[in-house]
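First chain A sits with chain B, and in the next complex the same chain sits with chain C.
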Partner chain A sequence: MGKFILKRIGQLILSLFIASILVFIFVRLSDTDPVAVILGGKQTSQETIQAIKEKFNLDKPLFQQYLLWIDGLFHGDLGLSFKYQTSINELIGPRILTTLGLVSASSVIALVIAIPLGIFCAVKKHTLWDRAGSIFSLILAGCPSFFVSILLILLISAVAPTYPFTGTYANFAEYCQRLFVPSLALACTMIALASRVMRSSMIDQINAPYTMTAVAKGVPQSRILFKHNMKNAVIPVIAIVSIQIGSMVVGAVLVENVFSLSGLGSFLVDSITSSDYAVVQDITIMLVFLFLVISTLADIIYAAIDPRIRLK
Partner chain B sequence: MSELVQINHLKVDLMSISGLIHAVRDINLTISSDEIHGIVGESGCGKSMTAKSILRLHDESKVEYSGEILYDGGRDILKMNKKDLLKIRGNDISMIFQDPMTTFNPLLRIGDQISEALLIHQKISKAEAKERSVEMLEKVGILPGAARYSMYPFEMSGGQLQRASIAMSLICSPRLLIADEPTTALDVTMQAQILKLMKQLQREMHSAVLIITHNFGVIAEICDKVSVMYAGQIIESGDVRKIFSAPCHPYTKDLIDSIPRSGERATKLTSIPGAPPKLNHTINGCAYAPRCKYAAEKCCCEAPEFRTLDGGHRYLCHLAHDSLTKGGATE
Partner chain C sequence: MKKKNIVKSLAAALSVVVCLTGCSGGTGSSGSSGSTPAGSPSDGSSVNDATGGVSDSDTTLKWALESDIVSLDPIYAYDTTTNLVVVQLVESLLYINTDGSISPMLASDWKCVDDKTYVYTIRDDVSFSDGTPMTVEDVIFSMERNMGSESDSYVAWMFDSVDSIEKTGDWEITVHLKNPDAFWQYVPATTGGAVISKAYYEEHKDNYGTASGGVMATGAYKFDHWTNGSEIVLTANENYWDKSAPCDFKTIDYTIITEDTTRIAALKTGQTDLSVNVSVDMIGQLADATNLDINSVHAYRIDHLAFNTEKAPFNDKNVRKAICYAIDAENLVNSVYGEYGVPGSGLLFGDALYTIGSAEDWQKFADTLDNYSYNIEKAKECLAASAYPDGFDCRLAVSNISYYQSMAVYIQSALSAIGINVSVEQHTYDEMITIQFGNMLDADGVKDYDMGLFDWQADFPDPAGNVRPILISSNAGAGGSNTSSFRSDAADELFAKENNSVDEAERVELIKEYSEIILDEVPIYVLAFSNQSFAVNKRMKVDLGPLYFWDLTAKDFTLA
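Let's turn to the complex of A and B:
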């Protein structure tokens, strides 16, 4: 298992390295001149331009620029924003907190709802309960998250008008309070997807021959479901969830906008429209890192569950 | 020898998309303790349905039972509540399935799956259960038991897995072991080994065995008694040797004749022409009549009744056969 984890981490570092080169090159393929962005359209002298180039390392060869960027990343220094001309660390810090909080909270909410729902529908297969579950999932899957956000806002304003779900936060309790409703809105798609996958894979497991062996052994139904079937059934759910979490980071933009939270996604979109490529490359590489970490984690969870992956 | 399981007028109806299928139509079968009883027949004749009914393994939202299955001279398994049923499954009556590769949960250790039955049915500690499971593994020839205990199913071969599943089914010393085509998925040498092992363990543990197969060779090798099934009915049953040497039902004879024999260099394998009838409607007359060489006029429209010979040998036919091997029907 240790060897397996080390191998996966090695692969993660290699992928991250390749991605960093690609991100760096693609950002530089743009025909927008960074100096123009930094100046924001103002007229200026040649000396000032030279000074700007030096400040942002734009006078150095590309290879050196890349090395400086990577070196900065290793030291936790994300460089300077073209547009704001301040440290990107300060700009991104609170936004990461918001987005990561939003994404992890909605993943947890989604799994807590989807897995029991999937099991329930599988056990009650083809009954009215199962149909109701299917319809519920279809509605959730069909509703865009911003629409659910608006509905939730309407609902909360009517039911609990004093509940504070927008604005900034000062401490952890407030942070959780602000993020709860947006997380719920963001979780919808994942609840729908994960519960459908859980249902069908649970049905497969209930019909698997080994389940009949367990029944013939005299194992009670609840123990068969939770000890034998669930472990097998959860494997495809991990796959779908790990992919979904990645796209949630960007998808969070819509929810962040509705709840006027400033997150990573909206900052990325802003930076692209204002051609602030220093920020674009930082956020992109962070998203790549996040994707890789999640898929590595998913692989490690697979291996922990399934001996065929761990031992082969 | 006492009657361990007595099946009376068992009917199993299966709800399917194409309507109700009468998979098992009124069978009577007695399994005595200490005997190896075989059920033989073509695919789809209801032999596996019958076997699974004894433990009520069918999805009861799709299957309807009628008749009774009396266990140990009294309690009807078909009317038992869930709690009592769970106590019988695996402890009093256990089962081995056809495909050893899919019998085990792929994610759990072989040993843990064997001791699970012990832990459910008996009040013993985990360590004790493990000890007994290791012993059982060694008994079925999986050596060294302690090391194999912690292996996963994918690390073992088909033959080993079938041995392990025998160990799993015998761990609670059941009084009846139902083996549903236990050797069908194995190669021929492995088949012989598994049959030998089953016979040896049956002698040691004094349990009854009900073996389901489509292979008359398997029956000849280990069974004491045999019931031949056709179209959801038992059409002949009795002592294996008697039935082998002098089958009375034309179907049994045709089935025995279609076993390929070594030594003879036949140009063509003997087979029974035609196919068994569909089971979604009632059958008038004898189910085998359309394929039967000896069929008389009344066979097609009048249901035959059992004829009984010495030693519990009985067969379902209109015609009284002295012995079909001596040729022809009398009457």
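Let's turn to the complex of A and C:
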């Protein structure tokens, strides 16, 4: 197991290294001059341009710029934003809190709803209940989070007009209050997907020969279902959810926009449109990192649940 | 489970959360105070139940912005979002009243000695929000930031005729003009006459006006914090000089809500008090709200299509004409604006700006003009006469505000009828400001757009304020508001003549003369004279003039 974990961590570092080079190069393929972004295009003198180049290390060769960036990342220094000319750490800090909160809350919401729903549909396979579950998932899958967000806002303003859905938060209670509804909106697609995967993999397990053996041996059905079937069936769900978390960060952009939450997603999109490449490369590499860490963790969890995976 | 049940259970889940978090909301946070600023110091918002049951949320003006602002620095405050934040912090020498007359502000008195000399008496009892006194040096320094070809200021054009500004007494400055200037009387009442602390500027040169640098000036409010893309918080300035000015609000909390539906819901539920740029397609959705007053002001605004005349094929007059003829502006405006706008007349200003000369006379003149009434045959003729008879591909820059999107889509389909393929490029509002002021350049240093949908409104009650700033050749470069990069010697000559004249009748004739040249050259095509609408919660009262989108301050509101 230890060897397996080491191997996966090695792969993670290699992938991250390659990704960092790609991100760095692709960001610089744009024909927008960073100096123009920093100036906001305003009229300027040659000395100012030179001073800006020095301040943002743009006068150095690309290779050195890359090393400086990586060195900064290792020291937790994300550099300066072109557009705002302030430390990216300061800009990103509160936004990470929002997006991570949003993504993790909606993952939890999704799993809490999807797993029981999947089991329920699998057990009640081909009944009216199962059909209803399918339709429910289908509706959720068909509703983009953006649309659900707007529906939720309309619903809140009709049902609970005092519930705050704009503005920032001052304490943890407000943080939870602000994030709950957006998380719900973001969770929808995931609920649909995860519950369908849970259902089919649960059916596979229920039909597996070992289940028949257990039934023949007289093991109680609830014990078979939750102790054996669920444990096996949940593996592909973890896989799906972990892969989805990356795309949820991207999906969060729209939800953040509707709920006027200042998060990483909206910041990334703003930075791309305003050509603030210092921010783009930082957020992108952070997303890659997050994505790799989650999939590595998922692999390790797999391996812990199912020893056969370690051998492959 | 049926869909109805889902809605019910969602509603149930919501109410549970409302109750839970409502109970544990912490001090001073009632159910509706979700907009309490994160990490804001408590000094400015310390009014609480002890002072007669007024809670924080009552004395907080919750202002919804549809986009982030450009800067806090007054020299970049030249759009109707940025200005309404900046004018709370920064004051000018003079002030334009709702009826168009001018009042004193930081200058206690002023006089026009002759056509080229203006003398201003500066108040000696004003201090900046940090308590340091405002001096004549601060005034001169602030105004000079707008002067010279190196100036970054968006209102640098207003200072084109200024020769020098000098201190001529302990509390007196004299402005010498190179030539008489019909606009100058108003300039000290715009952000061009805004005064900032020189010492503070020198200390924060690198990040002045940004979220980290802030500004220091004399306004009734001082800068607290700005979370880019999210919110801006200002608190009452305890060192404010004008003790007589009523001020019901201790805090102004601007929340940036880009999504229309959310902004409407926030207004309707009272989570925000005010939205000053209510777009035409939102008004209908707000009409049924019992907690809101909706106002629509007949403003100076022109919504127009600008052609980048520096670039082919838009340097070809026939191409521009072909496009104008192909657009059914009347139909477009009626369907998009309804009662909140009228189609362009061929002039660059609507009847709200018939402020010099006689309104009747202007109307008569406007009636003689043809603002390229829809005529597809003429459109085809013009295109055939151009260097591009078979059409071409081009780009249209447009803000992501929804009714602008509708217009862009309409223009796209109208122009496809004459073989012009338009790709619509969406930008955020603050990016459109950058584009409008010529600060989005391509690799060759040419403005990086083919056509754009913009709006403009004069800074003062003068029709030329809707023409010269956007068409004078000295504004055609980077940082200037001549969005079409229009350069015409004939027009420039008339602009100068009109500007140097202080005789109203003569000015009227000159304006008519250049209006005809412009209509023929058509660097910009006015689609609509539109109203400026806003929604405000009934818990407060406000009186507005046609210039409110430049200078509306929290002092103008009183709690009902």
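Methods note: the second predicted complex is superposed on the first by the 310 of 312 C-alpha atoms of A that agree within 3 Å, B and C clash if a C-alpha of one lies under 4 Å from a C-alpha of the other, contacts with A are read in each partner's own complex, and residues count from 1 in each chain.
We adopt the following convention: a contact is a pair of C-beta atoms (placed from the backbone, for glycine too) under 8 Å apart; a residue touches a chain by one contact, two chains touch by 3 or more.
Keep in mind that this is a model prediction, so the values were computed, not measured.
A.B. asks: Report clash or fit for the pair chain B and chain C bound to chain A in the combined superposed model.
C.D. replies: Superposition check on chain A shows chain B and chain C fit without a clash.
A.B. asks: Which partner does A:F136 reach: the first (chain B), the second (chain C), both, or neither?
C.D. replies: It touches chain C, and chain B stays clear.
A.B. asks: Under the stated touch criterion, which partner chain does A:I305 make contact with: chain B (first), chain C (second), both, or neither?
C.D. replies: In the superposition, A:I305 touches chain B alone.
A.B. asks: Is chain A touched at more residues by chain B or by chain C?
C.D. replies: Counting residues of chain A touched by each partner, the higher count goes to C.
A.B. asks: Looking at the overlay, what does A:Y163 touch: chain B (first), chain C (second), both, or neither?
C.D. replies: A:Y163: touches chain C, not chain B.
A.B. asks: Give one of first, second, both or neither to describe whether A:V219 is in contact with chain B, with chain C, with both, or with none.
C.D. replies: first
A.B. asks: Looking at A:A208 after the superposition, I want to know if it touches chain B, chain C, both of them or none. Which is it: first, second, both, neither?
C.D. replies: In the superposition, A:A208 contacts chain B only.
A.B. asks: Between chain B (first) and chain C (second), which does A:Y84 come into contact with in this model arrangement: first, second, both, or neither?
C.D. replies: second
A.B. asks: Is A:G2 touching the first partner chain B, the second partner chain C, both, or neither of them?
C.D. replies: A:G2: touches no partner chain.
A.B. asks: Tell me the angle subtended at the Cα centre of chain A by the Cα centres of chain B and chain C, rounded to the nearest 10 °.
C.D. replies: So the C-alpha centres give an angle of 150 degrees.
A.B. asks: Check the residue A:P61 against both partner chains and state whether it touches chain B (first), chain C (second), both, or neither.
C.D. replies: Touch status of A:P61: no partner.
A.B. asks: Measuring by CA atoms in the overlay, how small does the chain B-chain C distance get, in Å?
C.D. replies: Here the least C-alpha separation of chain B and chain C stands at 23 Å.
A.B. asks: Identify the residues of chain A that lie in both the chain B contact region and the chain C contact region.
C.D. replies: No residue of chain A touches both chain B and chain C.
A.B. asks: How about chain C: which of its residues touch chain A in the complex?
C.D. replies: Contacts found on chain C: 1-3, 6-7, 10-11, 13-15, 17-18, 21-22, 24-26, 29, 31-39, 62, 64, 149-152, 206-207, 210-212, 227-231, 253, 255-259, 261-262, 265-266, 268-272, 427-428, 431, 434, 438-441, 443, 477-479.
A.B. asks: Can you check the complex and tell me which residues of chain A touch chain B?
C.D. replies: Residues 208-210, 212-220, 228, 231-232, 305-308, 311.
A.B. asks: Which residues of chain A touch chain C in the complex?
C.D. replies: Contacts found on chain A: 31, 33, 36, 40-43, 45, 84-86, 90-91, 94, 132-133, 136, 139, 150, 152-157, 159-171, 173-174, 176-178, 180-181, 184, 257-262, 266-267, 270, 273-274.
A.B. asks: Residue numbers of chain B touching chain A in their complex, please.
C.D. replies: 55, 57, 86-91, 94-95, 97, 99, 102-108, 116-117, 120-121, 152, 154-155, 165, 168-169
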